[in-house]
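Labels run A, B, C and D following the written order; every chain starts at residue 1.
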Amino acid sequence: MENKYSDDVIGRARVQDTPELEAYYKELEGLGAGALWTVANDIEPWEPRTSSVPMLWKYENLRELVLKSSDLVTPEQAGRRVVYLVNDKRKDVSAAVGWLYTGIQVTRPGESTSAHRHRASALRFIMEGEGGYTVVDGNKVTFEVNDFVITPNSAWHEHGVAENGKTCVWQDGLDIPLVNALEANDYAVYDGKQPLQAPTNYLPLSYGGAGIIPADKVWDKPYSPLFKYSWKQVYPALLEATKVNEGSTFDGIIMQYSNPLTGGHVMQTMGASMQLLPAGFKGKAHKHTGSFVYQCAKGSGYSIINGKRFDWKERDIFCVPSWAWHEHHNASNTEDACLFSFNDLPVIEGLGLYQERVYSDNNGNQILE
Amino acid sequence: MENKYSDDVIGRARVQDTPELEAYYKELEGLGAGALWTVANDIEPWEPRTSSVPMLWKYENLRELVLKSSDLVTPEQAGRRVVYLVNDKRKDVSAAVGWLYTGIQVTRPGESTSAHRHRASALRFIMEGEGGYTVVDGNKVTFEVNDFVITPNSAWHEHGVAENGKTCVWQDGLDIPLVNALEANDYAVYDGKQPLQAPTNYLPLSYGGAGIIPADKVWDKPYSPLFKYSWKQVYPALLEATKVNEGSTFDGIIMQYSNPLTGGHVMQTMGASMQLLPAGFKGKAHKHTGSFVYQCAKGSGYSIINGKRFDWKERDIFCVPSWAWHEHHNASNTEDACLFSFNDLPVIEGLGLYQERVYSDNNGNQILE
Amino acid sequence: MENKYSDDVIGRARVQDTPELEAYYKELEGLGAGALWTVANDIEPWEPRTSSVPMLWKYENLRELVLKSSDLVTPEQAGRRVVYLVNDKRKDVSAAVGWLYTGIQVTRPGESTSAHRHRASALRFIMEGEGGYTVVDGNKVTFEVNDFVITPNSAWHEHGVAENGKTCVWQDGLDIPLVNALEANDYAVYDGKQPLQAPTNYLPLSYGGAGIIPADKVWDKPYSPLFKYSWKQVYPALLEATKVNEGSTFDGIIMQYSNPLTGGHVMQTMGASMQLLPAGFKGKAHKHTGSFVYQCAKGSGYSIINGKRFDWKERDIFCVPSWAWHEHHNASNTEDACLFSFNDLPVIEGLGLYQERVYSDNNGNQILE
Amino acid sequence: MENKYSDDVIGRARVQDTPELEAYYKELEGLGAGALWTVANDIEPWEPRTSSVPMLWKYENLRELVLKSSDLVTPEQAGRRVVYLVNDKRKDVSAAVGWLYTGIQVTRPGESTSAHRHRASALRFIMEGEGGYTVVDGNKVTFEVNDFVITPNSAWHEHGVAENGKTCVWQDGLDIPLVNALEANDYAVYDGKQPLQAPTNYLPLSYGGAGIIPADKVWDKPYSPLFKYSWKQVYPALLEATKVNEGSTFDGIIMQYSNPLTGGHVMQTMGASMQLLPAGFKGKAHKHTGSFVYQCAKGSGYSIINGKRFDWKERDIFCVPSWAWHEHHNASNTEDACLFSFNDLPVIEGLGLYQERVYSDNNGNQILE
């Protein structure tokens, strides 16, 4: 029923320029207007079209420079001491992929930042160090390597590392490019340190296993009351799942960090997952709308994105643009590999824009370019 | 603004009988009708009114009789070999309190029941034994003492104990009286054993900690995809909560078993909680709509219900009727006590019928009758 | 897969009494307990079971008695001057069918009642008169014949008829039996008249056509912000629908009164509909859970309920119990007939208890007994 | 608590360039990275920042050119014969304001377009003509001046004018720029004409007044089952509202076109409203996030946007960018004026990005620049 991919069909613009039309276009331009058929085919693509390219950032290349930033600037000068990763085709909006920002932040023992907040949402994934903490709306949360922490839209937040800790490095993920594009971002600086509202590592609503919620507490915010998802709970959960869950052809054993009150994404604009590729796992290829930033949390492997291979190991970061074919492979036949990722799926799904296509040729795997 | 509790006010029926009226009433009766004012004050009570009485069932009295049932009847004869507990004022509907049924079921090693299903929902709380299991819609779940298991509305289910297990005793909770009263119950027998849909202890949607959900699974049922809530996860969660959560004046540290996809009750008609009364805990009194059945899961203590004291220890079962004043006390100053309970709150809350009142006299504690 | 309707199958209780068992039962009884297998088959019916019987109340028989009540008692004495209709099998709970109460209320010109409220919800369907009004939470609404008005759970309400009006008669529908059964009802009398919050016939959220909502208003109540549904809008809507909608085999053109903010029922515990049976309409039979009270708003016809024919014309009231076979017929080949009805579907659906069965024999129509 | 609008505070980036830093930046750039503090203040604005400017398009200037397009190109050549209106600062994305596209389409009697669909959503507001129609997913809807019609995400749609009609002109609104930016748009051409699924002017779910919904129909789409909102219903509703509703200080009597099943916006990505400014109405100023395109449907007046006055009369189109101060005034003291508008509020609200600020100086009205 569909006639695909050629503009030479009824329903597409196929007007030839004439002197008369050119005069007409000029006249329209003078009135802040134009003829739709001159741009229609361009603004109505046959398939989703991304402006981002797949990229991989090797941590071994970046780590020294990230640490060096702590010699070059203080947190007070920098606001946040962060090296951000930018897509070759999205430099204009400082995005790593699509409308997602990511960066690598370093904090030394005894350092702490002042508190601020913004309409954009933020998340962290911990890469190195000991004694790090964040304070979100008065709730202090300590974290360890591979923990996942959220800082939702408009929550006051600040970070630091204990005096007796070790230099902490973590990945920041923010939707700043999106919220700027939607012309809705703002920013405020907190005057001083936030007073703590609760004991350290208090989470507003859950203190234990799945489905266990304080019966006498109320939570009316549009984001998860769990501010931290600990690796020491997530990794065992993935291992347990391998015993009973055959897993996804594309993603192995994949767990979404979710809001236990809704089963949905942790925040209104960004979601995140952790996936385990069992030893020897060879994923199939598919593509879908939505932009993704990955970090390897454990092991090593490679992803093939739009026909090109990207090899990654622990702490490497890479991105998969919207509608790019992609597949993930564990390089080891003996050890599992884990990929953390965050995405803009709450936006894409929430606005009715999600679609997926499975790669059907070549037994489901791409042919390398 | 309210004129309370006397029927001698404008707005209440205050009609005196006369011969003329009596003739009138007779005439109405012949037409399947009546005069509202003859029944209005009775059917419009000033405050919620229960027909149940508080009751306590001591396990030490019942245990021997429960076990004896396994000498008297076989599961095949009995359908289910259960001693049910019945409220002195609810014998007509076989309810323990309000519209809730409860019973104690015994299964010997090697025994198993056939599968059936009903519109009424069921839950179990494990009291004794080893090697017990249930199969819910093809998902086999093994359980241990103090585990909580659900069998939702219309799910096929069957139970058993492994050959090498030990005699299992558990408490059943069902809303059979409610679903019968709502004229909606049904029943079907499965022809044979259910084929297993998944490995043992597979739960349809979660395999680990709070907020960790398989990203590639879909669940569209109106009840929790967690069929089992293990004591070995729940009790540590309660202990962890005592570190950061001051707890409820009425209930100590109370955790609701919840559906991780909604933050709501585990099933559409019954909810359940586990609460920990810290050593020395002396609860305050309140009353609210909704009926509750409790079982002591750990320790000992007493509850004061409508001015009467009920002492309980591990495995004892008691009930709190709707709108009855109640308060809970831990009898020990050194050990915590835990109370499991189930209730009809999804009905009461869902229909807009919940209300609560705090006991304000005598510093919040009832005076014993 | 199901073995239906005989208790002589595995999965049903089939225990024979013995002296030993009788002694055992006695012992259990002394402890507030019983053996489930002695009651199991009774409390676990194969299909939904109602205790109500179909009934028809002819308005021509009742009208005179209803009007006579205004000679016999004053509104002040009676609270509300109402003749209630009671099911032969539900006299203990003053219900017309299932857990639904209905009555016929009469108010003379210049009379008004005092304000009260209760946890039970109420609705009205206007039968006769001019100049009637109700005040719901400070919103005064005037009504005409065949208008439908709601008085939700815990809303203050009072009624009256203007001095220059004509005696008004309306049908009341309440869930008092249900809310009493759920042990949650309460009652309060307002001291004096409610002050009006808004101009007469102001409705909190909609003032016109479908899908037109004041953009600057907020409504956070669990019931419809439309307190009145006018016949002069509803009947044309039904007529318009007949042009494009083939209608239901069972119900003709049936429109649910709905909450425009949710598309759901008008209140949390009762729903209502208006249906038009086109001239010559012969409905098919089905049965489902949920209890229904009907009033004929226009025309005449008959319903066959569980094999028995009930003839109705304008203002007659009848009921269909849960799980009763029923079918509706328009007696006229030239005029349409309209049936108003209210029901407990929000309860039955909300608790997951709805089921339906289509009558398949005899070309879908029952054979009269 | 907030220190506003100066970057010279703790929490903002305040790093001075040095040769060492410049070398560092170069090194980062080579790795696809950068130092956050070099862009932080720019990408984290203190307040929402728009790239659009307020604009007004006078219909008297455009009308002739719009009609002329029907001499210059055929619908077959053009796909759609539309003059689109483009913001001076959003030409790169063909948007009228923010991420919203708008255009003016002309169709002559007897013409019709072929059917297509796209992930972007569309809406129409009818400006001139008779006999126009649209077909949305097989539902043919005829329309008249000032009617509002939706074509949701991925619905097949085509338009035309009856042979005996008059040339029709309507405004199109689409979120093409947004869906392109989110890298999710697609396009498909229908091979031939859609077969009609239902009688003309059948709407899938409502046929009449507010809160009247076919009880036997199901609708599971994420957009309104009302495809058309008729001026002949909307304008009387506005007039009726003026009797009981004091209206908004900013917007007069404003009605949102809503989904009767949710009370929410008509589509997932665009909302729309009609507002009536009573005779003599002088609105107050406020600003909020979200982009708006207006068309004057009746009367005349002016809006002050960011201190600049824009005079409009029937059929003129103008826009208000995100976070721009704006206020609306009716120019007449005897006749009401009506403004249609559409917006991206479903996106802004759904992602948690809505905020508003009231203009407090000068008694709430802006001072003209």
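One rule holds for everything that comes next: contacts are C-beta pairs under 8 Å (C-beta built on N, C-alpha and C of every residue); 3 or more make two chains touch, one makes a residue touch a chain.
Listed by chain with UniProt protein names: A, B, C, D = Gentisate 1,2-dioxygenase.
Note that this is a predicted model, so its numbers are computed, not measured.
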Using the contact definition stated above, find the chains touching both subunit A and subunit B. none
Going by the average position of its CA atoms, which chain sits the greatest distance from subunit C? A
List the centre-to-centre spacing of subunit A and subunit D in whole Å, with centres computed as mean CA coordinates. 30
Any idea how many Å lie between the Cα centroids of subunit A and subunit C? 52
Which residue numbers or ranges of subunit B touch two or more of the other chains? none
Would you mind giving me the full set of chain pairs in touch? A-B, A-D, B-C, C-D
Tell me, which parts of subunit D touch subunit C in their complex? 198-199, 201-202, 206-216, 219, 224, 226, 229-230, 233-234, 236-238, 240-241, 243-245, 247-248, 251, 253-263, 266, 273, 275
List of subunit C residues in touch with subunit B within their complex: 1-4, 9-15, 20-21, 24, 27-28, 31-37, 39-40, 43-52, 55, 57, 61-62, 65, 68-69, 72-73, 76-88, 93-94, 98-99, 101, 103, 113-116, 118-120, 153-154, 176-177, 179-191, 222, 268-269, 289, 291, 321-323, 346-348, 350-355
